[in-house]
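Just below is one structure, and these are the notes that go with it.
Just so it is clear, A, B and C label the chains in written order, and each chain counts residues from 1 on its own.
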């Protein structure tokens, strides 16, 4: 670990904190993904709170306050809490959130009672036990780093080795069971991984902020990835970047590490939720507005074409009455069409330009093709399960299929 | 398409609804007459439930509109009662049969106000009517599939709305209960109610319903069952399926 | 009023205020909102301290309530995107707010006496010493405040009982009958936020979280009717308050911790012995069923 610390152009403490934060980011990012996908994100919260009685019992049992003894106590309590949550859920009636809440409350209450019990016996030595939950990044030592890195690598190796059965269990536990996978054991492994992640992180960023470290990378990565392996890698990378940049910012601004890391991470998650392509809220809103507007504009184009077929060129009022469209939508559509050079005006009467006639023709042709697909698509006997996007049938089906569809539609009269 | 005119119980005009870029309903025109027992039939994924949900405003509509008794659906929600698919219900919820049926009277009571004695009378009548009065105090999770459906129909009855929309009410219901419920629905129609049911069994629709919309993303046909469910139309809607199954299936459909 | 009575009354009023709302949270699968809210209020407390420079209860409660409401609305908005499940939405929202508060404490309030324990993790043992004059008698402030909150929650439940029941049970139906599920849910969440904030100013966060979740989860195992569930949740909360207080005195341990443990013990008892849904009842039922089946099979074999 020495070489890495010396490689970084930072002071010793800062380098340790940076490496620690990145390690936690990677571990929590990868291991937290399983919890988020199982809709058990907040199990991490319960485990983090459950470490309190574990720490106190470890202290009572050993009388020592060194980090590794306390961490073992914390880990054991965390595993017990995780098992209880799974057990309570299995009894059937209670939902995961209630099970998590009950276990969290019970363990933390126990922790407080034990803490007062210890305080009554020996006053000096126990001070600071309750600080365990708040985390102290600056207190990290090189030895901690080695332990954290070892835990991190070990759990990542286990996840990598068990990726396929884990994925099967995550996606469909019943099916996984039916093909002979040890579903319960795998579930316990993911829980144990979560405990490891929490134990690694809780001393550095604190219990509450650890919850965010488990969820943020997974949520961010999920917005960009549709496959579990890529998502896990992306979550690990997100965790590393969030942890690293948070640590650097906090050092240069002289702020505590944990909160800065969490705020950087929350910012990343919010950006992902807003702007991720195809999923992001803002991205979708823009697409929806564009699509609706295009649909209305196309509809108005067809209305004009129909009116021109039926009689004299229509006025915009006549168009409105005939189509029943709201005035504002109609006006905007006409403006869009005007801009595209599709309309020509004869006083307040509306005509189509040459380009307009071609555009209207194209729209109508596309609609006919879509109707033909709905009606005769099954006769195409495509070799695969293509389900084309109605706005681009030709692109989705291929030219040959479209031509056959045309021929089918032409040969049979529509009802 | 034989329109039932402006007095239709439910009418959709050029309705288009999509999930993402995939259309669930495409440019559907359909109308269901008043006082009739109507069905929406079609293969899986044809958009049957989507049509009802869009009609009562549970789904955003891309284009087109739904009319209930000639008025835009959003303004006429008090004239329609909707029985959702039951997989959305939390059967462990601590609530009794009577309490569920009372929900049908909530709209007429309005915000904050409690139900009055006449409301409770209506609830009692509706429970009697579906044969669930003896079970009024039971928690809903402790009922059979058919009994659960009776409860939800009773809740819709309690709304006293002229138009009733039911989404797959007979899924998981035994044949005897289904038949009894259909008798009940028929009785309601005879008293002037209009009912639209999403149904999956063409044989039953043909035997027991007046009117049908055959749907496969777009409307294939809409009219009296004899016309709308004619063999040619069914072939069109169930095309791939019927073709694959050969003559036997065609005979079943016919 | 004796100190013991004051502490039990305070805890009892927390149990009442929380027991009224907890069942609805459990049924709406939002039990952990209470935990979220209890952490998310920190920036509000810090902001009030920085702006007003005081730790007087009313401004602190107001500041905390603002952030509690921000927290629940944020969770609602995150969930409404449909991109994250409710658990992840909770886990995204509250640590961010908590982090903001921690930063506020460390960068602006350093040196000033504003430690986390005393501010959000109020201590129930001190409630008897903070009193107010009311109708000529000296009453613990916490009891008065929490009685008001309980009254408010009761009012909410009485007025919106059918709306709360309807939207918790069947959102789609609620929407088609003109009762906006979103509006009702926001009202409930605001009530939760106000309750949590008021309560943990006087008794500490963990007791509030416990009282919102554990009695409600216990009552859920024991009852099949919502009214009964609410009543049971309040009653179990009171049991935890009374028994917890006396056992804390006997063991000389943390009062809030002991109450939490008693509530958890009630939960374990219910999980094991609940008449219909308890583990033992379920096991007995399946054993009886197996025995009957074996009997029938044996009878069939004899006949055959």
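In this section, a contact is a pair of C-beta atoms (placed from the backbone, for glycine too) under 8 Å apart; a residue touches a chain by one contact, two chains touch by 3 or more.
What you are looking at is a predicted structure, and each value in this text was computed from that prediction instead of being measured.
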item	value
Chain separated most widely from chain B, comparing mean CA positions	C
Chain pair bearing the highest count of C-beta contacts	A-C
Most central chain, Cα average position	A
Gap in Å, rounded to a whole number, between the CA centres of chain C and chain A	28
Chain B-chain C separation of Cα centroids, rounded to whole Å	40
Between chain A and chain B, centroid-to-centroid distance (C-alpha), Å	36
Residues within chain A bordering two or more other chains	93
Multi-partner residues of chain C (at least 2 other chains)	220
Sequence positions of chain B contacting 2 or more other chains	none
Parts of chain B lying in touch with chain C, wherever the complex brings them together	56-58, 77-78, 80, 82, 84, 88-90, 93-96, 99-100, 102-103, 106-107, 109, 111-112, 114-115, 139, 155, 159
Sites on chain C touched by chain B in the complex	27, 159-163, 165-166, 168-170, 172-173, 175-179, 220, 223-226, 228-229
Touch list for chain B against partner chain A, complex	16, 21-23, 26, 62-63, 92, 216-218, 221, 233, 236, 239-240, 243
Chain B contact footprint on chain A (complex, rising order)	93, 292, 295-296, 299, 370-371, 374-375, 378-379, 387, 389-391, 415
Chain C-touching residues of chain A, taken from the complex the two chains share	36, 39-42, 44-45, 88, 91-102, 104-106, 108-113, 115-117, 120, 130, 134, 208-209, 211-212, 214-216, 218-219, 222-223, 255-256, 258-260, 262-263, 266, 269, 273, 279-281
